[in-house]
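Starting off with a structure, shown below.
Per-chain numbering from 1; labels A, B, C, D, E and F assigned in written order.
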């Protein structure tokens, strides 16, 4: 075995050899930063403080001083978000190195502004999610408790923010935002999914809602539920086929109990109830209740 | 599209409009703080340092100096916990604004003191949980490993702290404490559940134990297990009916394997074993083994 | 009830009583530190920055300056890791107090150096995991996205680091590293498991891979999947029997869908597919597809 | 020498003995906090951000968004300052333990509000200090440089804030604020001193302006200058006599060069110039120039 | 007195009124940041770590790994310094808003690169300052002590860095760097001063070296010494005349003892010694010793 | 000019060249850390919290819980201080690399223990300094104010701690501790100086007390006062002669006013008063008052 010092030096040499990191190196132009999880966390906190005044945000607010706080928060949000969108644009577009910085950064600011313009609508729809969660859960003492500490609401807030950015065409950032909620809550909602109002997730750990899922209004799902994508045959390059609808559609007033998996582009009809621990791979008619047969052995 | 600056100003205006945040605003009196997740985290850390001396807590302790450390920790705990309980009382009680501050704060201090008086008993029962976990897991090298890094123990510590506060009638704070463990470990134990000694959770991600569950001694459950509540008909206001027993009862020496769901106020008899991925909605007799029939198609 | 002050004093007395913490006290010699979760987090970050240059690590790197960064990172890694291994050795070995400090610390440095020598191989195999994950997921836009924010990759990185340390005989630290990924991603891979190249985990929350599992190449598993250990009869002291193979073997090109449990030392043959929500307790032949029968009632 | 452990224990015993700390112990009632240097630092930063918008304060402000920032800052200032004044009141008044908390805290809030009401005037007079400093210093490139990094201005800002609080009767806090500037800049201005507009201090290290000093308008002093108090005979208890005028009076347009000491209740007439390194103990007539005779030996 | 809430609102209104902050507002274009004291502190720390390897910088370095550390530090320095120079350019040039960002930022990077190119020379001259300080001070145990904790060396390091930037024409930043040392050490050296090699400052608090001072080699000065500028008649606008030589010239081997003031463009000849507490306003011949006559009264 | 990248690379090369840093490199053995200013700061804070209970230290203490706090603080102090003394021993002794680590570290722990044993005496003498300062200053409202925010007391605390370590023979660390106070307060007391009880420093910026000074009881000095060392002829190697008495002796009850310099091994007799701005180079008889003649020109 070589001497300690020279061992380290030789390993550094091997690890610095270009051929060893070809696929794993991020080549970026000088002025691009990588998107930052830490900043995105701050962005989500600011959004929460704007959307639910008094619940989130460190400052104590009253009705009189609220406009000051919202004003400062909206401006901070714009500054931080523009920069993250800019980083997302650079990260996802290899050709970005050729665009003049002003163009990319102007685009980023425009996208951030469009997102901010949608905040009032985001607040409205989130109010319905809070209401639905509170009404469904006998253990909730008051809506404040739901807003303040229910992981389902936390995941839905991140989802609705991420989805808005996704709809505006912001690359990469939405996925990071939804993964942040995933890590915190165990709930994994792809920003591409489309979800109606009055949506509620109970407990939620292990819940997965795939990219092309469509969910109606007044839908409620539990922990461990997967709205999973059918595996499509790979394209001619052996890569996964991208962008094709392959996840379930849930109509209004559907309920799915814990640990069930709904696989592929199937349709669960209005008002249907899916019991726990079921594996569903075909359409379910409106109003039906599906549950595992208790044919277990004792 | 309006000019950028004026767009931001107009959005701030809309978001500051009272009608837009009616349901989502937390009106609180001047001297109340919101409960703080960060402080509660510190509180849990102090509790761990008191209960498991030498494992948790930054300081190096010896038998001779231990009383100093416990003394300082108990005092810090009291200071921080009183304040959080105070915040919890204000948060959950809309009428709180009318009570004199001294009354609320005196009550909070009394509750904190009662919690502290229960610490010796908490340490005793947690010792049985550690023992059970170690004895059950062939992968554990020594009890220290269990105390120091098993998520199951981490979740049970939070639960036992939260349950003690819940029993004392502290509002809101217990739920926050259990959600903290939920986020860290994926294990969601409602502080209202009643759980005996020698309790063990393996792996645990996705495990849910509902508000009115009752669990005996020497019970062991795995990841993805739900002790779920039956849905009760809503009350006359369309709200969920609250406070009614609706989760399972597990008698002593029951084992439940991964990803099974036990739904409603059913009773699993002493020594029964529930296999994985099963959906159980009715009583199971003592000593029975229940498991999914392997009637899958190949 | 006694006076507040004296109550606290008497509780401190009870909690400081040696008999009350016998099993829960960590007696350690003066110069040992406990392993530190915070430092291990830093260690993982440094490993990521070395393995995936440009993606992780705060600094902006270019091909010209990369060797500087790798050099500094490798040295920091060695300093921090030696110390943590040292702490792990002391923690797990009660007799450690009798060894001269130099011996233990020399051993720790040697182990750290051996780990560092394996970094180039770790980078190679992780490149195959990234490739597999990207090829499998139609929602992934580019490999960078996979490296940067997929929880599956994050868990596999921690696993491969932890496994390397486990193979070197480092006690305790590997388990802490895998629990860190468990907490972040909900994916629980025991460092003792043996896993081939091109391994992919989708979503992953609730996935458990037990200590003696063996996984071939090109295997793909989903959220909520358990490779679980058979319960063995306790040894003569009533303790769990340790170290016996008791988890499944998955051959090359196996796929396991969400929420399925594979229990015991069973063998899943090459190319087999296990559908979602299944409970498998016996061998599955190569090429077979196993799925839950849809015999649920409506 | 006793055994290490027992040595520490015995020292702890001696240090905990009440008789050993009688004069050095701060007995305070349960809900009082000590004033906090860290919070006062934040308070000064907020004041600066309000008074000199764009120079201080982390946020980027424009004319359109300035009111939001000032609104939030004024509210934070009020919250933090009320609490510090409250702590100051408790600290300095031994009888405070007997007042109901509401009374003290109401008084503190009133004082904080009065301070805030004076901010516009503070801004006006500070503008004259900036102007004077810029006009006097040939090395200053622009007023922004003066505002942003001249220690003289920094000390004067703290002084004017501290003096305002002193005039309102706030105990203790003003002194802490001036000591903060003293530590940062080496300039020690007692909050009790009365200082006119267009005041400038150059370099400033070692400058001392005593409690009962009176300084007119357009005065300029340099580093190392002391406006020092005559020593008065002690009172009947052997304590220093307090509150009697004993520092110099400087009329308008006086200049004092470096390292000079002006001692006692003397009057320096309008437009007088005091050269460097002089010791002045009697009145100086208006318009006079005083300087050390160069009768040094070579 | 108005109601508390409305009082705050009205003060916010007054403070937001444009006329009230005309002279005190920093109008800056959107993408400029203000120079940051915190970042400059980091820059100085990096410079120290590069110049005095092993003394400064958190990492433990050996001769083998030193190039890695220097490489990483030089790159960080360039990144941070370019940005601060950019901020300095924008801050000091009102017309900057009209230049394209690329131009300003390209200029900033060029200046940063030129500064870095001078680091080897900076190290050489600083070595002579360390040597001179050590040789002069009987209380110094070894040169390491001088490097590591003498305020004189600390101030000279900042000065030499600031002076280099000043010579390159970087605006504003040099002054901030010298003010940082001023605050830490009480030593105020204007970046414009020109100082030879083997320069030593003892104790140093209160020492001031003005903008146009010229100091030869092997000069030593003590605490409280001022090399002060003559007051020049104001220009036609009543502003200070800027840029004219008005501070002393000290030739080689001059010593100035504590608390002396040297005023105006005087010349202190080679090898002259100025005693303490003297006020010198005319030339001093080479080799002369000047000291205060002890004609004090007793 | 070379290309930017290669310029940086070439500068890194020059700066890494061994000949360029010979005198400026700190060669240290692998397990030594440099002394750390940050840790020493913490050590001083802990000492203050032990010595002045209730004034310093973040925790709220009462007489009942004080022993816990002192116990924890004494233990932390011992842990941190031992390590810093160890670092100081390694730093100052080039031969240290040859001693076994245990020997050095055992010595460090012994020194730390001896320091701790002296804490009760330190508290006693500091009580006299507080008393003297309070009695002398008409601006002080109560002793608490003196303890809490007078820079003179702050500097004396650091001095008395540093002197104790100096007397025990701890190298380097005492100097760092006194430089910390120097930077904060502008008061520079060499740890080697010997100072009696009831010592008071007023304002203090610029005060210097040299290594071999001897100060009696009840002495009071002001800002800018230097007790300075005579320059001794260099030794045969051209280095400063070290360790010879060369600073003044002040007998009991001496007062020295601002900006005076006392140079060399002179003796200021009991009860003498030295006025401001004087330069004293010979003995002063007991009871005499010395002051600058006011023979300045007007």
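Everything below uses one rule, namely that a residue touches a chain if its C-beta (ideal position, glycine included) is under 8 Å from a C-beta of that chain, and two chains touch if they have at least 3 such contacts.
None of the values given here were measured: they were computed from a predicted structure.
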Those chains which touch chain F and also touch chain B: C, D
Touch-network distance, chain A to chain C, counted in steps: 1
Most remote chain, CA-based centroid, reference being chain B: E
Comparison of E-F and A-D by number of C-beta pairs in contact, larger one: E-F
Farthest-lying chain, centroid of Cα atoms versus that of chain F: A
Whole-Å gap between the CA centroids of chain B and chain D: 50
Approximate Å spacing (C-alpha centroids) for the pair chain C, chain D: 57
Chain B and chain C: spacing of chain centres that average the CA atoms, whole Å: 25
Overlap residues in chain A, where contacts from two or more other chains coincide: 8-9, 12, 60, 65, 67-68, 70-71, 75, 186, 205-206, 224, 259, 275, 277-278, 291-292, 295
Touching pairs - complete list by chain label: A-B, A-C, A-D, A-E, B-C, B-D, B-F, C-E, C-F, D-E, D-F, E-F
Interfacial residue positions of chain C with respect to chain B in the complex: 4, 7-9, 11-16, 18, 20-21, 23-28, 30, 33-35, 91-92, 171-172, 175-176, 179, 182-183, 186, 188, 190, 192, 205-208, 210-211, 224, 226, 228-229, 232, 234, 238-244, 246, 259-261, 263, 275, 277-282, 284, 288-293, 295
Contact footprint of chain E on chain A as seen in their complex: 5, 8-9, 12, 62, 64-65, 68, 101-102
Chain B-facing residues of chain A, complex: 50-55, 60, 63, 66-67, 70-71, 74-75, 78, 109, 113, 116-117, 119-120, 123-124, 126-127, 130-131, 134-145, 147-151, 184-186, 203, 205-206, 222-224, 257-259, 275-278, 291-292, 294-298
Chain C partner contacts - residues on chain E that touch it in the complex: 59-60, 65, 67-72, 75-76, 79
